[in-house]
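Letters are used for the chains, namely A, B and C, taken in the order the chains are written, and counting of residues starts over at 1 for each.
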Amino acid sequence: MKTCVFERHISNDARITGGLLKGWRLIKDRGFAYLLFSLSFLGILPLLLIVGYVLVKGISCINFDFLFSLPVPVGEMGGGIANAIVGSVVLVFIASLFSIPVGILGGLYLNERRSSKLASWVGLSVEVLQGVPSIVIGIVIWMWVVLQMGHFSALAGGVALGVMMLPTVVKSTEETVRLVPESIREGVLALGIPYYKLVLRVLLPMSKGGILTGVLLGVARVAGETAPLLFTAFGNPYFSLSIVKPIASLPLVIFNYATSPYEEWHRMAWGASLILIVFVLVLNLSARFFVSENSLKKVFLSGEKSEGGE
Amino acid sequence: MKMRARYNGSENKIKLKEWLFRMVLTAAGVTIVLLLGGIFFSLFVKALPAIKHNGFYFIRGSVWNPQSGRYGIFSFIVGTLLTSFIALIISVPSALAISVLLSEYLPGYRNGRFFISFLKNATDLLAGVPSVIYGFWGLVFVTPVIRYFEELLHLPVYGVSILAASVVLAIMILPYMASISREVIALVPAELKEASYALGATRYETVGGVVLRYSASGIVASIVLALGRAMGETMAVTMLVGNSNRLPANILRFILGPGNTMASVIANEFAEATNSVYLSSLTEIGLFLFIISLILNGIGKWTVRRFAL
Amino acid sequence: MKKGLAYGQNRIGRRLLGTLMVFLLVMLGSPVFARGSKEHRIRGEELLGAGATFPYPLYSRMFHEYGRLRGVKVNYQAIGSGGGIRQLLSKTVDFGATDAFMNNAEGILHIPTCLGAVVVTYNLPFAKELTARRLRLSPEVISDIFLGKIRKWGDPKISKLNPGVSLPNMDITVVHRSDGSGTTFIFSDYLFKTSEEWREKIGKGKSLNWPVGVGGKGNPGVAGLVKQIRGAVGYVELVYAVQNNMPYAAIRNRNGKFVVPSLNTVSLAADIDIPGDTRVSITDTSAKEGYPISSFTWIIFYREQHYSNRSIERAKELLSLLWWMVHDGQRYTKALGYAKLPEAAVRRAEAIINSAVYDGKPIEFGR
């Protein structure tokens, strides 16, 4: 184990400062390691409990019918959440379309113009935006989009979700790009390469792991949000792909089923929750695959972000 | 710095592209500010009738009675601050532990790569669980435990409480801190760490003295992000916080008893509010959350400036 | 270094482009798949409705059947009575649904669609023994409990109503609704009528300033809390209590009879004079055998149907739907646990539906 290396160093030290110091520092080091492991375990334990719980309660519901058919009212057999699955995909797509470009560009702006007045406003805006309750964003988008269009739409829902995703994308872009060493920046500029190429060809690829994390985090969150969709996307018991009509989504369906009186619907709510969690997991893994340079197998096993081409 | 020999002719084209690029970046920045400004403006306009109607009672009063037209949110403010901060206190150690583990410790093990991947995906997955599920899960796993303690301490037994909401919030915000911190920590230059080890420092000392110091601003940014998330969370909190507007004097009683938060009240009552002053007051709560976020962010920035590298 | 970067970029670029193209194809092709998107088509019209959560299961059943019968899609979302009213006032939906009728209803018509009831449920260890004869409560006792004046189950006021049953001296934990709801409105409306103290201190409404207790979100929230906390008491919709096998109390009505809530007693509660516009509260009903905490639930729509580009076909579709709901649609109520409309209410609803106009002229629609 690695600590052996340290012991060699420390024992040199100890000859100068005495044996007790060596022991105490070692204890601190070991103790710290144990602390970290236990805290991490404590952090992950709830996840195992939650996923396990949803799995147990929802698995009985999963079958072909459930995934591919439309909902039926109470009392009828079968019925599924196909429209909700598709709806969630559409909404997340629209949200990403809006928030990823603006988010990444915003994060880059914050990095390069750190001292300007506008930059401090942007930073402030992003942080405050994160704290706005999801229902408030839904209400505002309702005022801006739904009332203007005169009806509910998937577009409004997507925009609301996009606004919610924005802070996460901006912040993670900003923080990871900022950590690219100055030496690299200076080197590239010294070669006479224009600034925009520096950003597009060097900075972005180097930080793509961090940016991707921010995007995935944002997507994961908005995929499970109900409140902003209540007054924007509205919901739809039928299948719809149109962006100018109301659309169904998994969290809405979960909420409606879970708050109903019927045992059958409760079961379906758990099934839908399981689907949602799986959806997020699949999104995570496939996005990492898209961005990495490694083969699929390596992505699953290593989990390391690929080297951005040092 | 320009190498004239290479870019002769296409110099202007490059300059144009440069300028365009910078404009695009600025445009993105402006869009974000306009977005927030727009939200603020819309909220303000809608909340104006309530601001006039409620005056300062809004902040100091603790009676929220839509029937009689009295709207005081003091107990909601306390509830929001308590739940958010307790959630932070609970989750920051775990989140940081996970990030440090991922980049400093696990890479050294033989099966480290599997655990790294597992831990990364696990924390990101936590962010993907819908808030409604967190609420239900909390009702099944967290509230009974709290009820046990309430009985032990001879307090009225509810289960749903500020503490229940805080615990589940802590789990919900963990991914935000853990993910962003781990990215930031992983980018600490290897030379700095190697220099530290070369001087004879233990891993503990390196992590504390070099790694965390270097990534401090990123970590604080992630904490602020997580705090924002905690304050704005509605669904899970409203299922677990007990929704009671009382303000017991004893802090322990308060934490182990039901309370209320601003976001929760908005979510609960907005759908059914028809009276215009009522709606306006709910919007005023939204506006107030805005302002609290601003203040907290200001404090956060000031702290970073004072203590970071 | 450069070579590796360029290659990596291309790969991302290619993969992203590929996904983007697939998506665009899907989106552009969607008008082909999405039916009912043209305003002027009669077949395949899609009507939008929003509002109360209470009748949601019934409406979803009704609209599903109606879609099968007439080919008209109805999209109803349960965003709450207030939400329904707001969306109707913003003209983003064809009709709204609410458990509490609007007080100021200029130009808006109400028709009742079914009946529901609010029951008082509790968590007492001996509750099973009571199933033969339920816990009995009176409006005064209920008011005192929810005001926090009666704090223990052993209180003499409760035992007086339940002779022969030994109640433990447990603390009463009140559970109410945290979210604004029609259920709260109906419950408080009843106490408003029957208890002066309640009228003064609390009033009636969808969101109240509860003096004691905890709040649960939605009917399941309240039910869940009541089930988990020993000695708890709360109020939920009848449908909910029945579907989840929860114990509920028999309540003394105006005529002194302890009425057990059921579909039958709820329908009986509506067996009274109903005003022309059907905006009436039937809590504390004068009907002899009626359950005192019952209520209609309404659908609201505009009298003048020509507003913001509404076609006359759309108005006709709406009226046909509403007509069907109060006639043939009623056959779906019982199986789902809702009480059907009494004849008098149906007559009133017919008159109201017939009174809708388009540009001031009556509308000829298929019945």
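We take it that contacts are C-beta pairs under 8 Å (C-beta built on N, C-alpha and C of every residue); 3 or more make two chains touch, one makes a residue touch a chain.
Note that the structure is predicted; figures quoted are calculated from it, not measured.
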Would you identify the chain whose Cα-based centre sits farthest away from the centre of chain A?
-> C
Most extensive contact between chains (C-beta pair count) = A-B
Taking each chain's centre as the mean of its CA atoms, how far is chain A from chain B in angstrom?
-> 14
List the centre-to-centre spacing of chain B and chain C in whole Å, with centres computed as mean CA coordinates.
-> 35
Two or more partner chains touched - positions in chain C | 79, 83, 217, 221
For chain B, residue numbers touching 2 or more other chains are 267, 270-271
If you look at chain A, which of its residues touch at least two other chains?
-> 230, 258
What part of chain C is in contact with chain A in the complex they form?
-> 1-2, 4-9, 11-12, 15-16, 19, 23, 26-27, 30-31, 33-34, 37, 46, 48, 50, 53, 56-57, 60-61, 63-64, 73, 75-79, 83, 87, 90-92, 217-221, 237, 239-240, 242-244, 308, 335-337
Write out the stretch or stretches of chain B touching chain C in their complex.
-> 63-68, 135, 139, 143-144, 147, 156-160, 238-239, 242-245, 258, 264, 267-274
Within their complex, state which residues of chain A touch chain C.
-> 71-76, 93, 146-147, 150-152, 201-202, 205, 208, 230-231, 234-246, 252, 256, 258-263, 290-291, 293, 306, 308-310
Chain A residues touching chain B - in the complex, by the definition given at the top = 1-3, 5-6, 9-10, 12-13, 25-26, 28-29, 32-33, 35-37, 39-40, 42-44, 46-47, 49-51, 53-54, 101-102, 105-106, 108-110, 112-113, 118-119, 121-122, 124-137, 139-140, 143-144, 163, 166-168, 170-172, 174-176, 178-181, 189-192, 194-196, 199, 209-210, 213-214, 216-217, 220-221, 223-227, 230, 250-251, 254-255, 258, 273, 276-277, 279-281, 284-285, 300-305
Chain B partner contacts - residues on chain C that touch it in the complex = 79-83, 85-86, 102, 171, 173, 178-182, 202-210, 213-217, 221, 224-225, 228-230
